[in-house]
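I've put the structures underneath this note.
Two complexes come next, and they have one chain in common, chain A, joined by chain B in the first and chain C in the second.
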Partner chain A sequence: MSALRGRLGARLGPWLCDAGVIVAIGVFVVWSIAPLVWLVLSSILPQLSLIARPPQISPVHWTLDNYVTVIGSAAALGQGMLNSFIVASFTTAVALALGAPAAYALARLSVPRSDAVVLLILATQMLPAIAIAIPLFIVIARFGLIDTRLALIIVYLSFNLPIVIWILRGFFLGIPVGLERAAAVDGAGVIRTFWMIVLPISVPPLCAAVVFAFIESWNEFFFALILTRQNAETVPLVIAAFAGQYQTVFGQMMAAAVISIAPVILLAILSRNHIVRGFAEGMLKG
Partner chain B sequence: MGSSLTVVRAGASARAEPTGRSVSGTFEQRRRRVGIGFVLPALLVLAAVLGFPIVQSLLLAMQHVRLAAGHMHVRWIGWENYTDLLADDSFVLALANSIFFSLGEVVLVTSIGLGAALLLNHRLGRFGILRVLLIVPWAIAPVANAVLWKWILNANYGVLNAVLKSLGIIDHYVVWLGEPMRALTLLLLVDVWKSVPFIALLFLAGLQRIPRILYRAAVLDGANGWQRFRFVTLPGLRNAITIAVVLQTIWSLRVFDLVFVLTRGGPADGTVLLNFLAYRVTFNFLDIGSGAAIANVIFAMSFLLAILYIRLLQPTKREPAS
Partner chain C sequence: MRDDITHLFSRRTLLQGAAGAAAIGGFSGLASRPARAAETALDVFAPLPPDPSPPGAAKFGEAAFAAWQQAHDAKVKYELLAWPQLHDRMATAFASGTSEWDVVYMCAWVPEFIDFIVPYADKLPPSTVADMPVSSFKTVTWDGKRYGAVFTLSLLTLFYNTEHFEIAGLKEPPKTWDDLKRYTKELTRDGRYGWVLDYADSAGIGGTASYWMCFLQQAGGTMYGPDGEPVFNSDAGVAALQMMMDLMKLGTDPGSMSYAGINDATNVLLAGRASMMMNWPYMWKPAQDPKQSKIIGKLGGAILPAGPAGSASIDGTDAWTVTATCKDPALATKLIDFYLSPEVQKRQALDTGWLPIRISVLGDPEVQKALPNASIVLEQAKHPYNSFVTQNYNQITQAIGTEIQKALQGRQSAKQAMANASEQVTQIIKHS
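Entry: the complex of A and B
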């Protein structure tokens, strides 16, 4: 399958090629995982072990002290997690509720100029956040919504809606038309068909869209930096502030980072198969 | 519009020909009515959130804006903000940095991502656990990623120094982020590390859409491994590659969190990318008009590059033979 396999394979036998593949996979695994191992490892090592040269990483030093300290002292982290969770959940739910019907209509319901509409929606994603930050700030300040979760929920729709529409539209395009025709013959209206036939077979791309939107919202930094102060501060802001404030307390910094990413990492791992399928069936067509 | 739509359309056109065009008029009209009802809410929300800011951003870029005593004083100055940028050394430096960063990122991420996807699609690489490896760096918040790498690259206690020293590659600890070009390159590598997984997933999905039978046919025709890659895999991935290149271009021009946490643009503005410059000009120097102009330059660059890449990577559209 790879170039390597063809050229070497002909001369030196397939086993050498397999060995090459295994080495390459090994290199890739180390490259992907080494920074993460260090992230987790330094979160369970005390400061003294970390600032030794070289760092002392033997299991005898392992401790959960960093986590205890971080959870005990940084109330902002808990508040940030809660804010992130609320913001990400609501914005994802709204994006799905508005985006799924829109994606279906753009894929299937002969909406006039639907291609142009799709292109327009995707083009908005090329806009750097900074371009709309100031005007958004002014509008949101006028409504008195600075430092509220509602402001973030609304603003995050600007990238979540397009993501949801993009992934789902691609999938809907690929559904056999016969399915909907059959439903129509059986007397089901468009809305009923969408609800009873189309959505139930769209679980993988729906999952992919939900996970994608949730993760993007959980991780978003720029808008949160500009639109929140303290009450609505989300997790990335807490981590950035923490890193600035305690940048020499390495273990605690890493513990805070691990806590902040744990929920989305779990979500991503649990839904990994849906994500891959959702990408395959949604994004690559959309 | 035509060629850009290839991405949108190409994958699906084979299987999903225009929906129910043959079905009778009233049915079609009803579908259209419902369809418009389905699309409108989403479009209205997008227009409400983005419409005013986009227009406002275009206008701000044509104005001289001063913040004083909580009020904005604006003066119309036409294109001056843009022409001023060209004479501004920090803008030119940021532009050069961004071009280096963006090109490097697109090339590295696409090629490494493709390699990784091929490995994971290989018979020896098809383990679920390997896919988890792809998922995790993708899901990590850019900020958490930046914090992690700040610690890894730490000049005094960073693990990179410790590892390289114990392997004998360096003989004294290096201040990784202490020198402009090295800092920018490391920033690039950190972002590549973070970006490869998503693109690899995209390619993996693309690989799985290539019908097996094409490979068998290629073998029957006597194609060797390289030829199978060149004439079956690459064309089969054309859409995925286009999407990857376009997305990565857009994303690389928007990198902000990494610079904000890791270097704040230093040393000597060596890691100031356009997006960070726009932020700094707007929020630190409070020169809102100029910041908006920089932001619009980023938007224009993303848009033009996206169109350019789509044209380059989707040439078959104009050849009816294919």
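Entry: the complex of A and C
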């Protein structure tokens, strides 16, 4: 009897283990995707269906009215998306252009107290935004940059660059030193080695850094609120405009949100493999 | 596919992308702002519609607005922002000394921003001031000087579902606290609740503390003594909170504790899931919109039920102010007088649902017919409606509201909540 139980246990054990993993992953996926599904669903429901209890979500209630209205008054959304795209792209490009060499230097070159420098870079992230809001605003205003995209790029760089350096340094540390030594034997200097050897094998972490910096810049709200007015307003502000003091147009807000996250989702889908590898390798070795 | 993606994100493409982004940025004029109009005479900072917004920003009085600009050879430029973000942008701009606005919308923030605005309201034409309720200047007056002019009579009044009343055999709106408690209990049936409100946000006008201030005044209490010290930890203060707690037990929508804005609670009433609430006059218009409301033709209104001291409310305090850095204060005053003109006020009421502040326009038959709640608000205005705004209004209401929330959740008694709140408010005032 006990032998039978043992055999059964041995057979069921792996199966139960697999089932547990599948259930856990399923729960995690539902947990992660549910807000996105609700976002899309809310965008195709009229206000009355949304405020009903329970919400009336059956297909008979679905409508594209929210999208028609949002697109019909799309000047602000279009301008917001353009501003967000320019700011996020430029921030990402500069963060990468400055962050990659800096990360490589901190990983490979004999920078005095490089560990302390890395910690210091990370420490810059620990200041709450509100603590630097007023001084930052004064500096930006003194330079006449209020309501410009450049102001946002400068500010976003300040918190994206350290993270980019952190991600890439971790990856660079994991590259076998032999590769670089071989390049050195062939006469390559530091810059050439970085350019010809290190960068080509660093696509995953570069992609991860790109996606991270782009999403952070695309979604940022607080500094966009205080540093912009009407001209440099970014997408999060445009979406927030659907929520007033006395009235919130949920459906239209969600429709605008769906439209605005499309570029980010596209970017994430296109680079999903690299993101996973990049973050895993970069973070683990960092 | 994977190779394709790898190819797509090769080093070269990444760098090309970076260069492309730089080019876009360069060509798009990153640091340039579209000509900051040299011809702009006045910059006005206001909420985005449908929150209370000026003519030309909201859809009313556009022709009159254009005519005013032409007649005064002035160009008015609006900077509009969603209401919930107004305060933060204003605070940052004022604190850094870089505000470029001439006329600014305020809502209970006059004392807080007193150093950045000027007392212009006494320069408004006497005919305009005489046509406004004297009490409307209370929330915009500081040290005896009038810093603003309220442009919409926005008091909390009672809204109720007439159909639910009929089903419950209730013939008229509740007139006293006892009525309100009884009605709340009787109307809580068939899966709906007798009372709904938003209690999740503790601070500011429309926050939990401000609702309690209605009950406080109805109970005969007040916030501050003549010396400016808090005196709300009184029998009246405790009774006011106890009333809210009683309503909670008798049939307040439990979701009220998580509704973070009046619009959340409004939606519950408009969906027919609750029978009564206190709300701002603006609610009347969306309640008649078939896209937003299931209770069209079923909305009733009344003044707030009387406590031991009678009925009382609070003021939404939507006001126009002139900044200390205003380029042309005289012109700014004229612009505000235009906003307050009978013609604009009438269009404001008819086209947006925001009631006028001018008594003559409130009494206009056309306005009363289009907005039946106008007469109710006018009646409510005969009773106290102090919002008790001070320089630390947000901080103080945050402290009081948090204690009230705990009491509403049953975590402390009304007496304890008032004692805790009073202690905190005393400290806030002491350290300000």
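The criterion applied here is as follows: the second predicted complex is superposed on the first by the 247 of 286 C-alpha atoms of A that agree within 3 Å, B and C clash if a C-alpha of one lies under 4 Å from a C-alpha of the other, contacts with A are read in each partner's own complex, and residues count from 1 in each chain.
One rule holds for everything that comes next: contacts are C-beta pairs under 8 Å (C-beta built on N, C-alpha and C of every residue); 3 or more make two chains touch, one makes a residue touch a chain.
A quick note: this is a predicted structure, and the numbers were derived from the prediction, not measured.
Clashing of chain B with chain C is the outcome of superposition onto chain A.
In the superposition on chain A, A:R53 contacts both chain B and chain C.
Once chain A of one complex is fitted onto chain A of the other, the partner contacts of A:F28 are limited to chain B, with no touch recorded for chain C. When the two structures are aligned on the shared chain, A:S158 is found in touch with chain B, with no touch to chain C.
Residue contacts after overlaying the shared chain place A:I175 against chain B, while chain C stays out of touching range.
Of the two partner chains, both chain B and chain C are touched by A:I134. Touch criterion met: A:Q230 reaches chain C, while chain B stays clear of it.
When the two structures are aligned on the shared chain, A:S110 is found in touch with chain B, with no touch to chain C. Legend: residue contacts after superposition of the two complexes on their common chain; A:A240 is shown touching both chain B and chain C. Legend: residue contacts after superposition of the two complexes on their common chain; A:L150 is shown touching chain C, with no touch to chain B.
More residues of chain A lie in touch with B than with the remaining chain of the pair chain B and chain C.
Of 8-16, 44-52, 260-268 or 296-304, the chain B stretch that intrudes into chain C once chain A is superposed is 260-268 (criterion: clashing C-alpha atoms).
Comparing the two interfaces of chain A, the one with chain B and the one with chain C have residues 51, 53, 133-134, 138, 225-226, 237, 240, 243, 247 in common.
Across the complex, chain A is touched by residues 2, 5-6, 8-11, 14, 17-22, 24-25, 28, 30-34, 47-48, 50-51, 79-85, 88-89, 92-93, 95-98, 206, 261-264, 266-268, 270-271, 273, 280, 282-283, 286, 291-294 of chain C.
Contacts from chain B toward chain A in the complex involve residues 1, 4-5, 8-9, 11-12, 15-21, 23, 27-28, 30-32, 34-39, 41-43, 45-46, 49-50, 52-54, 56-57, 60, 115-116, 118-119, 121-122, 124-125, 128, 130-144, 147-152, 154, 156-157, 159, 162, 165-166, 193, 197, 201-202, 204-206, 208-209, 215, 224-229, 233, 239-240, 243, 250, 253-254, 256-257, 260-261, 275, 278-279, 282-283, 288, 291-292, 294-296, 298-299, 302-303, 306.
The touching residues of chain A, when paired with chain B in their complex, are 1-7, 9-10, 18, 21-22, 24-25, 28-29, 31-33, 35-36, 38-39, 42, 50-51, 53-55, 98-99, 101-102, 104-112, 114-119, 121-136, 138-139, 154-155, 157-158, 161-162, 165, 170, 173-177, 180-181, 184, 189-191, 194, 215, 218-219, 221-222, 225-226, 235-237, 239-240, 243, 247, 250, 253-254, 257, 260-261, 264-265, 267-269, 272, 275-277, 279-280, 283-286.
Contact residues on chain A toward chain C in their complex (touch as defined above): 46-48, 51-53, 85-86, 89-90, 92-94, 96-97, 133-134, 137-138, 141, 145-150, 153, 199-200, 202-203, 206-207, 210, 225-226, 229-232, 237, 240-248, 270-271, 273-274.
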